[in-house]
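Order of writing sets the labels: A, B, C, D, E and F. Residues in every chain begin at 1.
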Amino acid sequence: MNAKQTIEQFRIKRLPNYVVQDDEDVVFRVAFESKIPLILKGPTGCGKTRFVEFMAHRLGLPLVTVSCHEDLTAADLVGRFLFKEDETVWQDGPLTLAVRHGGICYLDEIVEARKDTTVIIHSLTDDRRILFIDKTGEVVRAHRNFMMVLSYNPGYQSIVKDLKQSTKQRFASINFTHPPVDIEAKIIQTESGLGQDDSRTLAEMGSKIRQLKGFGLDEGVSSRLLVYVGRLVKGGLSPMQATRHAISQTLTDEAEVLDSIQNIARLYFGDLMDDASGEAEAKPS
Amino acid sequence: MNAKQTIEQFRIKRLPNYVVQDDEDVVFRVAFESKIPLILKGPTGCGKTRFVEFMAHRLGLPLVTVSCHEDLTAADLVGRFLFKEDETVWQDGPLTLAVRHGGICYLDEIVEARKDTTVIIHSLTDDRRILFIDKTGEVVRAHRNFMMVLSYNPGYQSIVKDLKQSTKQRFASINFTHPPVDIEAKIIQTESGLGQDDSRTLAEMGSKIRQLKGFGLDEGVSSRLLVYVGRLVKGGLSPMQATRHAISQTLTDEAEVLDSIQNIARLYFGDLMDDASGEAEAKPS
Amino acid sequence: MNAKQTIEQFRIKRLPNYVVQDDEDVVFRVAFESKIPLILKGPTGCGKTRFVEFMAHRLGLPLVTVSCHEDLTAADLVGRFLFKEDETVWQDGPLTLAVRHGGICYLDEIVEARKDTTVIIHSLTDDRRILFIDKTGEVVRAHRNFMMVLSYNPGYQSIVKDLKQSTKQRFASINFTHPPVDIEAKIIQTESGLGQDDSRTLAEMGSKIRQLKGFGLDEGVSSRLLVYVGRLVKGGLSPMQATRHAISQTLTDEAEVLDSIQNIARLYFGDLMDDASGEAEAKPS
Amino acid sequence: MNAKQTIEQFRIKRLPNYVVQDDEDVVFRVAFESKIPLILKGPTGCGKTRFVEFMAHRLGLPLVTVSCHEDLTAADLVGRFLFKEDETVWQDGPLTLAVRHGGICYLDEIVEARKDTTVIIHSLTDDRRILFIDKTGEVVRAHRNFMMVLSYNPGYQSIVKDLKQSTKQRFASINFTHPPVDIEAKIIQTESGLGQDDSRTLAEMGSKIRQLKGFGLDEGVSSRLLVYVGRLVKGGLSPMQATRHAISQTLTDEAEVLDSIQNIARLYFGDLMDDASGEAEAKPS
Amino acid sequence: MNAKQTIEQFRIKRLPNYVVQDDEDVVFRVAFESKIPLILKGPTGCGKTRFVEFMAHRLGLPLVTVSCHEDLTAADLVGRFLFKEDETVWQDGPLTLAVRHGGICYLDEIVEARKDTTVIIHSLTDDRRILFIDKTGEVVRAHRNFMMVLSYNPGYQSIVKDLKQSTKQRFASINFTHPPVDIEAKIIQTESGLGQDDSRTLAEMGSKIRQLKGFGLDEGVSSRLLVYVGRLVKGGLSPMQATRHAISQTLTDEAEVLDSIQNIARLYFGDLMDDASGEAEAKPS
Amino acid sequence: MNAKQTIEQFRIKRLPNYVVQDDEDVVFRVAFESKIPLILKGPTGCGKTRFVEFMAHRLGLPLVTVSCHEDLTAADLVGRFLFKEDETVWQDGPLTLAVRHGGICYLDEIVEARKDTTVIIHSLTDDRRILFIDKTGEVVRAHRNFMMVLSYNPGYQSIVKDLKQSTKQRFASINFTHPPVDIEAKIIQTESGLGQDDSRTLAEMGSKIRQLKGFGLDEGVSSRLLVYVGRLVKGGLSPMQATRHAISQTLTDEAEVLDSIQNIARLYFGDLMDDASGEAEAKPS
């Protein structure tokens, strides 16, 4: 597979299901046109990844996503030599692919990365817009459609893991929060196939559960888990059962917190149940 | 051996001996059909691994199991290049095998893994369901039968080793506990060949020993060790002897705790013994 | 690509937009002529990198920049062997390129580098001016146009990360601060295309925001972020909107500090807004 | 050398000199027949290694011993690729040898091993009895004669180094202590060639020295060191001299403890000496 | 390039500019003739490196210098295999070069090295005078002109970084301090081309600045920085300007200490200035 | 060079200059004949290495010495594969050389070694006397002339670095101290060529300096440094000068301790000096 074929794999085929909440689409577009790199900030599962897919599709750009972690090396981003037929062949990494052929390079959860990963993007995020590949001696000038986007969860931000000032001061930023109830209801409906009313009830329940944050929950429930509840109900489980497996047992190992979540679920779906215990569950064959 | 042959090695040949306790089989099936990845939570030896083998057989899926540890690298999961006849040949790792050809990839004790291992599954556990192999530049779209399952022991959960929120919030969960006495008796009988009554006595003894948890035992005795007692008795050892070797000396190095376990054994098997000391043991030739 | 071609890639094509503030250009030129290596000291985004590009262009020298980080090895600077057609071929690293062919080797944020990186420059920064490449056994005598320049942010200086005395005492130094308002206004105007008045207002706002340093901000805002504001405004965003995304949300995650910055923006750009809330923002299509 | 030849090297040629003390031989045989893996627990030099050699000989099994340490990798156990004649050839490691061809794999001092070493044996120590070699994609089903045995010194057991519960609960266990005087006397006689009476005196002295444990000695003296004393006496040294070199100077660097041991030696061998100082020593030419 | 050619590169072409201060040249010569390895002790920039170059030239020996750091491996010193034309070729490292062909091996700042580096010189610094290259199986007996010299800055000496006793006790030592004013004046004059009087004034200023050690300065100013001042003045800068860039801004980031140094400079060069502020500086075109 | 040639390089050509002090030569010989491995214990420079060379010569055995350090790997001892002419060739390491061809393997300062180094010798230091080379699958049975000897400095012994009990209890031991004055005088005379009287005076001075241990000196002066003093005097330095460079400046960086040593030197060599200051020193041309 050649490099051109490789980058083509990263095109977003269908418009992702994303509902614009504020001015984030405008800011992204202007930043892209003004060659300003971006940081997307917000909690887990609030839609940052979906948003960048949405914008990539709208701007017609390939989207190369890299989930950062503490063992990610610069070589993982830039590329490396492979041996083929008695010779070494250079293989562009995901970052170099986007730099060379144009596209968004999206480094997800950048604060998890090692320092060499964050530093390698410096020359790409000021007016130089170049990438020096020391292993080949090549200086790659960024394609005019190249754009660097990082994501970042301020809830995790610690002194140890925070971005360096010299990195931060190369980016504009867009802040994200969990979507409001009506938008989240729409998301649940579209992604789980659940009816409109049930989707709204689920969204309201999610909003209520998020108020437990700080009282036993480190983070609120993500839209994704609410969609899971919807799908499990669609698959035949009772709402209580689905909430228990997709939310309560996922988010906590403490009995009290688990009960608090289940009690919230009972508030919203109690009228769907027949028995007194509130825990009778459909058992599909 | 080609990749197809490789994955075929992972089919479960015979239905494993597993007794359903609650709604876990239904939740697993619906999750599989709804493309929701799962976390199985519970203490050591409570049957999580057996359950996933059971479901893999029932759903007709290959099961690729990886025991996680702190030195497991992303390459161990995804694959690596090998040199063959003067050329490099790509070798799919266990994760890629399941992603490409369909099947359950079961990461046992996920919290033991390094961060790069847990992060690599992110793109496979949201709606993208893709795996980017940076070393080859290939984007593998997951087979429709691919399913990701993790296991997780909350008793070990520490701040250092807990899963990241951004990982957690991609999974639904099923909680497990040790099986009730009657089910465990059936397991012991089937796996050790011991008679029905002795198996039940063993199961009851196991249940009693589990009450020592927190009083000298970090975890209760697993079903597996109870099966070992059964097999050793079957092989000619006395129940006291078998319990001492398969349970007491395995679970503790402290004399008091060892005595406590042996005393429980004496409660259940004291009538099988002839002498007063309670420690006379059959000595098969 | 041969080594000569490689070094040519590092020539600065156009005179960078840099305004001399003090005697820094004279000191740099005399140091270059007297074969004295230099350290450029100052906060993030105050123009050190731009200045070295400016001098490289003026002196007609290639400029090889390396962003230092804790995983940068000596081999990354000096070079390594590659396999090509059944043989190993030596590949000069960025430092060796500059040493051999003449040019400025600029190690950005040197205190981030590992000790082997800083030590390798010792023989190049005293009267020996040689580089011993142990892997090839070659002693490279520095080209007469070779010059070593380091950058260094004293704000980050810690006991752990400070330069060794034996490294420090090989360099002369130039201290940098943020540019004064009139110079910064000129920079903003040139780089964002904004009008003269708006550029000056932005520069004044930047100067005001820098007074927040120590009151919630670790470092003042860089000229680069002010240029970003200019470009976003040029692209259709309101000044408040642009400031929020390019400065406030980038520099802080705390609501109070974010408000403080936005309040400063309102002081300078309040008369541009129509409504009372002070947050109405243009929404370009 | 092919794999078959390799495993044959591990057969125990002669029956090792081991005296059964309790039911350990029966437990080992039944465990082998019931496919139950074993942990041998006990202090340094109490005969665990000798016992496993003894059983290997009796059961006619090859014995592959690996001394564990913190740098032992999974590859050291499983195997690795070697380059031969322009191709990579797979080389089974010691564990794989035993798994594939049958035999005991004995991991000595397992708690010293890294976690990846202990985890790799999980699939071999439950009812799966398989080893997945990720580098070749091969699933090796264990030979019916494969048996896993670990050794473990509870005296070293610390929270950091203890076995994981999920490892422990896969094994039955046999506890060992130092042999009683009459058995140890026999061991010394056989292995050093010393007379029966002197051997018994040495064994008694050893038993006395073991009472110093906790009073300056971390562990009691091993049978091996007592055998050394016997051999040195046989070679012409006086018993006091031999005890000093083989026991006192080996076990302690503190003068008081050294004197305590020498005083015990004097109690047992004082009548062999001619002079008052109690330290006159034969000086063989 | 063959090994012989390689070592020839390390000859000192011209007699370095070094002024003997005490008996150091005699001690060095006798140590060389008596095959006694040497440690040169003293602060940064006091002339240790220059002295060893001076002696190398006088004794007609090649000088192989290695700047030690914590990532320097034994292989960096001894050598390694390289692949060339389908075969591995051994490449002597800098230490082996000197051992084999004769010459001084000078390990600069030895306490910065890893332990394997310091241990590898043991067999070369007792009467064995051999180097065992384990990778080739070769025992290299040291050339009669081989001499080992280390440098060492006692000011940095810490418990963690101190030399092991077993290393120390293989060396004789020579202590160094900063040169007296008249010698340092001569050094400045020769190396900067400044006049005799100005050079002496600079030397006196340097001596004064060294009294600030402990009052804000970790180490006194080195002769090298004084030479830099001389060269910058020669290049057209004012003495105040030159001192600021070559000494004050190099040695400190604290305004008070910087002022103290500048005040000392004013004491010595105040009569050269025309205006009251004492900071008017020549601005050469 | 083949393996046989390699081991021959390790023969001690001439009888080393060693004076037996106690029964150490007898113990060593009997231990060798009884196949008992040995630990030599004692302070730096007390003659352990010289003694083992002496015994190797006397017993006619090659002596392979390895200086241990924390980066020494098992592969450094056992051997590794090298590529030669398109094939991998196994290269025995120093330990394997001695095991295979017979000879003493002397691991100097064993407590500095990594754990995998100490564990690899276990199977060689009990009655198995085998070495398993996992990389080749070969089991090497030790040559009848193979002997393992370790050295060990109890002064350095710490909890972190102490030998494991399971290693210790495989060895007999010989304790060493600094030689008495008459023996040390003989050593100095032989090795430096100094006259008998001066050598004795030096030995007495050394004995006096050793009393400073604990009063500023971590370890007493080694015989080697006293020999150095002798050689420097022989080369034309005054005794005070020679003591200062070979002992005082080597052993301490503190002025008081340095003066204490010089004062002791003055006590012994004061009558050799002409002037009052006691520091006039011969200055050979």
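To be clear about the criterion, a contact is a pair of C-beta atoms (placed from the backbone, for glycine too) under 8 Å apart; a residue touches a chain by one contact, two chains touch by 3 or more.
Worth saying up front: this structure is predicted, and the values here are computed from it rather than measured.
Any chain that touches chain E and also touches chain F would be listed here, but there is none.
The angle of the rotation superposing chain B on chain D, based on CA atoms and rounded to the nearest 5, is 60 degrees. Of all residue numbers seen at the chain A-chain C contact, under half occur in both copies; the interface is built from largely non-matching residues.
Distance between chain centres (mean CA atoms), chain C to chain F: 53 Å. Centroid to centroid, with C-alpha atoms defining each point, chain C and chain D lie 62 Å apart. Per-chain CA centroids place chain D at a distance of 31 Å from chain F. Multi-chain contact residues of chain E (touching two or more other chains) are listed as 83, 86.
Interchain contacts close the chains into one ring where each touches exactly two others, per the touch definition above.
The touching chains form a single ring; listed from chain E in the chain F direction they are E, F, D, B, A, C. Note for the complex: chain B touches chain A at residues 23, 26-27, 30-31, 33-34, 36, 39, 41, 73-74, 81, 83, 86-88, 114-116, 118-120, 122-123, 126-127, 132, 134-139, 154, 157, 165-166, 168-175.
If you check the complex, the residues on chain D that touch chain F are 1, 3, 6, 9-10, 44-45, 49, 65, 67-72, 76, 80, 82-86, 91-94, 97, 108-109, 112, 153, 155, 191, 218-219, 221-222, 224-225, 228, 231-232, 234-237, 241, 245-246, 249-251, 253, 281, 283-284.
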